[in-house]
Amino acid sequence: MRLSPYATPVLAALGLLAVLTLVALLTGAFSIGAVWDPRLLAILALWAAAWTLNVVLSLRVRSAGGALAVAALFGASLIVLWELTVRLYDVPQVILPPPSLVAETFAARAGTLWADFVQTILKGALAGYVIGCGAAFLVALLVDRFSFLRRGLLPLGNFMAALPIVGTAPILVMWYGFGWQSKAAVVVLMVFFPMLVNTVAGLADTTQMQRDLLRTYGASWRQTLTTLRLPAAMPFIFNGLKICTTLALIGAIVAEFFGSPTLGLGFRISTSIGQLDLGMVWASIVVAALAGTATYGLAALVERRMTFWHPSQR
Amino acid sequence: QEMDEVTLQLKWVTQAQFAGYYVALENGYYEEEGLDVTILPGGPDIAPTQVIAGGGADVIVEWMPAALAARENGLPLVNIAQPFAASGMQLTCWGDVGIESPEDLDNRTLGVWFFGNEYPFLSWMSTLGIATDGAAEGSVEVLKQGFNVDPLLQRQADCISTMTYNEYWQVIDAGVTPEELVNFRYDEQGVATLEDGLYVMEENLEDPEFVDEMARFVRASMRGWKWAEENPEEAAMIVLDYDETGAQTEEHQIRMMGEVAKLTAGSDGSLDEEAYQRTVDTLLGGGSDPVITAEPEGAFTHEVTDAAQN
Amino acid sequence: MAEARAATAPGPADAVISARGLDLTFQTADGPVHALKGVDLDIRRGEFVSFIGPSGCGKTTFLRCIAGLETPTGGTLSVNGMTADEARRSRAYGYVFQAAGLYPWRTIGGNVRLPLEIMGFPRAERDERVARVLELVDLAGFEKKFPWQLSGGMQQRASIARALAFDADLLLMDEPFGALDEIVRDRLNEELLRLWDRTGKTIGFVTHSIPEAVYLSTRIVVMSPRPGRITDVIDSPLPRERPLDIRDSREFIEIAHRVREGLRAGHVDE
Amino acid sequence: MAEARAATAPGPADAVISARGLDLTFQTADGPVHALKGVDLDIRRGEFVSFIGPSGCGKTTFLRCIAGLETPTGGTLSVNGMTADEARRSRAYGYVFQAAGLYPWRTIGGNVRLPLEIMGFPRAERDERVARVLELVDLAGFEKKFPWQLSGGMQQRASIARALAFDADLLLMDEPFGALDEIVRDRLNEELLRLWDRTGKTIGFVTHSIPEAVYLSTRIVVMSPRPGRITDVIDSPLPRERPLDIRDSREFIEIAHRVREGLRAGHVDE
Amino acid sequence: MRSLVPVLVVVLGLLALWYAAVPVMNAAETLTRAERAGAVIDPPTAVERRDLSGLTLALRNPGLLGESWSLERPRLPAPHQVAAEIWATTWDEEVNGRRGIVQSGSFSNRSLIYHGGITLAATLSGFLIGSILGILLAVGIVHSRTMDLSVMPWAIVSQTVPIVALAPMIIVVLYSVGVQGLLPKAVISAYLSFFPVVVGMVKGLRAPERMDLDLMRTYSASRGQVFWKLRLPASVPYLFASLKIAIAASLVGAIVGELPVQKGGLGARMLAGSYYGQTVQIWSALFAAAVLAALLVWVIGWAERRTLRAMGVAG
């Protein structure tokens, strides 16, 4: 869609507003009276400049690379703004560290972070993700096969999906110990129902005509499953897989709050807050966000390759 | 009359461990001193040090190891009063696994509180020369213990950290007999560190008005503590009334008050410098990875307690 | 396939499809819908029968009953001497739906191969058959394309190829050419006639177009709605060999006229 | 509305729509698609022009160009002496899409009222107009119904009412009756003719059906694809007054034949 | 109500499974208690038993498991224990308890109703903030290519930040600006709930097909008119679908926000249960949360049905 020329200032103002709230939320460092001091003006000016550049850029770009550049520019301007705000307003480091400190910590403690990553993501989250999504998939097949189960299990599923992890995590740590196994169990519980619901919805997402076609062939349930329902369910399955990546990550980290060995991202975040090592806290968050974004991206990529035929991918 | 507002951040949830402050509030001692006190209960992962650094509280209840570590990390906290004279921390182990003395802790799995509460333990292990990575022979495997005594009851750990006034009794309440347990009090091991002191930001102490405010605060608080020591049951009931979660029970709080009274007994609020030095030595001492690396300077002041006692 | 002739077959001896007093009522939230009411019809082997009638008169429903996709609520229906459901299980039908309904995740070749896979044809034969039917509908060379890469007309032809691939005796087609333009439609009409002539299949064909019905059929069944019933059955005296311009002949126009009259009669209530 | 006549208007003085060498090329992932190539056409005020041609020949694209929904990549196009986009902004068009495209959350009345709300008609006039056009398409009494409560034919009539409500001079209709059965279609054809006769609107009409094109039009534009171009323009000598059975007349059949030939010629490459 | 029977059957099946699992899960503790009472256990010492599974222990000492359904601190409480606790902390507490509504005129802080109310307040305010923010962002994203390209990817990234782990810090940060009580919880709630709304609304606002939009263009409608008359109504079904997800997420956020600050709410209740090893209390708070979630989702579903029917969209 082509934008009219006066869209730029309007969007700039909009962006300004958005970031103002963001900054206010993040730091909360100034009261209303301080709004019109020069520091704020500097920050706003910088933001306006970055946003304008972004608007101009986004109206030009057409390629995927260009889109990435716009997103990266936006992220970069947020980070610069953060750094600037923290420095100009002397925000205490133990409240919000500047990104530069986070980067420093990240580099200096890479070894520790790697071990945490292995413990939390590769062991806890991944194991739980695979088991949980796998089990949900198999149960979905059962539920799809026996409509009695569908009508009996799915309403309960909505109920169970609402069990907050903060309640289940202590129980599961008590049951499965302090190691990664209990984290995996928490993740299983978190991803199971979203995946189940998506897969079941996907398996049902065929048109009457598509099903009737196979009925005229006298196809068996298995044949219907492999040639029709599973391919048709793919977009839904991937949707579930994508949602579950972030859930798995969060589950594994939070479960570590309720007992863990002396490593893992959740352990690190909690312990580092206690030690007022906020650089390390945010470095751990960066690791988590990187891992989450990467897995999400990976899932999206596989989705693109596997469901190339779906209108949303063309 | 203008009331001065004071916000106190506790280290943990509302319980008899903090009875003195709640008593002072309930009995109007603070009011008598012209103070309008807000008590913020703590909870898991609320770091009082962080709260005061952000300006969310004027004064906090914190353990000295965490406060000194924060001070070394650039957050200048100063101890202005020390209502707790003795340490209530201990390591509680199953007797039947064959632990009789600290030397037997090698190769065991131990539950430890983190979040700034791990410093006393690390110092102790350091003093004993026991590594805590769980990897090598002759080291202990450390678990980050959650908020309860389950790891011990479930035998996921051989020992866990307990407070004399709280977790220990939860173990007992779970049906375990005292004979089945072996306790290592940090006091008796010579590695006791000071707990539950009152800390403020150093820069605030330059303001005589603030010092005066704190003097009144400490005076009222100590009055509260002494009253609580003498009326443990009523104090427990006051605590119970302030507990918004409704989770605490009468029996447990009364007992806790009794145990806490043993720790506050004899303190008039002023810091015992000998105990301070012992804490510092413990934290500095031991092997490779001391909690603090240099003798702290100006980490406490008698100014407030001196003023309070006049 | 479908050679078994049960002795119990009702209807005339040479009827492939025989319906007697067929009723079908759908239970819906707004009350029952009488989609079919007392339908009697016999279709002989090798006939080309068209069904025509206003929207909602039950054409699709009747075809679906024949194919065992819908269960009648009354009357009897036999196909090759079996029940429709048995006939479905013995894979007696090729069914072409109104829309192409190709599976988007399969190539054109893969779509046509689908029934062959399901019915367990040997691998070599599959390829050979796919090639042959694609040739027949003029889609040779498009085997590797995906459905969305083809025009609507081409998709529809692919779906016809799919129904032809496994050589069912009975071809049921529900407005297969509805979405096509007149010229393409003409061509496909011609080809369908030729195929029918060559293979001797029995064909049931639903259409909205009077000329199409007249051009293709040996018999035209006119239906009318509320409740869906047969109001007229018109035998076509046209020869088997039908060039396109037969449509300008007097005979053709006369039959077309009769069909139109029949249709209009059924329409009075709307 | 749309009364301004720029002095710069190309084409003949009485042409409402005038296209000269119109080109439109879509850039797609598979390379450029020449949807229209060198299209020349003048449409006079009050004409009824049908566009017919095989699928993909650019009929819709041409109609969209006229309506200012698509920007030509070459040539000139003037509507009422303005550019198509200016004409669109001055709300010169009523456009009827192939599907009814009613908004499901609005009642039939609400749907017809939509353009009136957008164009800022006074409230009282809105109601009066809605009532009038619903009457016109035989839908009086259905104002409060929702689209899904109506049959396909009724929905299509509602969408025509919607396009008529604001009295645009120019009515563009893209296969409006494609989805209807023959009888309903006949009826709507008759009504459309009557409306055109009464209001003197200029109408551009896309269809796949040769009889429909011949029955309705004063002029029939035959198009052919790859690239989309006009291959024939056939003037109809039929009188303005056209009963349905004019379709059995010799004249009618002759024109239809000519259109069919024109179509077939454009089809050779497929 | 066609699903009533299947749901009942499945529930009964789960209950049976649950009852059967209780002695196995609680075997170690039950046997230790039996041992203290003087029974002879196989194997005889707790240390030997430590590495045996619950199933093995239960099978070896089948006669001594009677207590496992009534332990005070079970690893797995029996269903009737949870039910009794729920009864005790709702009806019984309010009617007969010292602080209950009958005695004190206000809900008791030992009652799940009181704590559920606190959580509900935080959930609703977070949900309100989150969904309004989500809708605004979606409107921006749909109307501005710049926002689409720059905000959308970061909205996804934002959800990979383990906000739940940061909850205590957020609360402390908000302390530093003097914000306490409801708002910090609402902020966490809003953070978790805005995302599904953004995703759903973007989808919904883009749901109108080309033809629907083209119709508006033939009327030469303004952006505002297209928004109010086309995009917004078209997005309503999507909005409700995502609101259902969002309110469940809000509830989780509120509970998480209650965890660090022990000032009541179901989250505080769960933690208190965990702190004192009162598993029965955790389970009952969990059930209360799930019931609350189901209720909230049902309310939105009800509003959805009402709205859609009023819009004439639902058949």
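We call the chains A, B, C, D and E, going by the order they appear; numbering starts again at 1 in every chain.
FYI, a residue touches a chain if its C-beta (ideal position, glycine included) is under 8 Å from a C-beta of that chain, and two chains touch if they have at least 3 such contacts.
No experiment lies behind these values; they were computed from the predicted model shown.
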Chain C reached from chain A - shortest hop count over touching chains: 1
Leader among chain pairs (count of C-beta contacts): A-E
Farthest-lying chain, centroid of Cα atoms versus that of chain D: B
Most central chain, judged by mean C-alpha position against the global CA mean: A
CA centroid of chain B to CA centroid of chain C, Å: 85
Intercentroid distance (Cα basis), chain D paired with chain A, Å: 49
Whole-Å gap between the CA centroids of chain D and chain E: 55
Chain A residues counted as touching two or more neighbouring chains: 92, 95, 170, 174, 257-258, 270, 273
Residues of chain D touching at least two other chains: none
Contacts with 2+ other chains: residues of chain E: 75, 168-169, 172-173, 176, 259, 271, 274, 315
Pairs of chains, among all present, that meet the touch criterion: A-B, A-C, A-E, B-E, C-D, D-E
List of chain E residues in touch with chain A within their complex: 2-3, 6-11, 14, 25, 75-76, 140, 144-154, 156-157, 159-166, 168-169, 172-174, 176-177, 179, 187, 248, 251-252, 255-256, 259, 267, 270-271, 274, 279, 282-283, 285-286, 289-294, 297
Interface residues, chain A side, partner chain C - complex: 207, 209-210, 212-219, 223, 227-228, 231-232, 234, 307, 309-311, 314
Touching residues (chain side chain C, partner chain A) in the complex: 64, 67-69, 88-91, 93-95, 97, 99, 101, 103-106, 114-115, 117-119, 146, 148, 166
In the complex, chain E residues that touch chain B: 28-29, 32-33, 36, 45-47, 50, 72-73, 75, 99, 108-111, 114-115, 167-169, 171-173, 175-176, 178, 180, 259-264, 268-269, 271-277, 281
Chain E-touching residues of chain B, taken from the complex the two chains share: 13-14, 40-47, 50-51, 54-57, 94, 96-97, 146-150, 153-155, 170, 174-175, 177, 243-247, 252
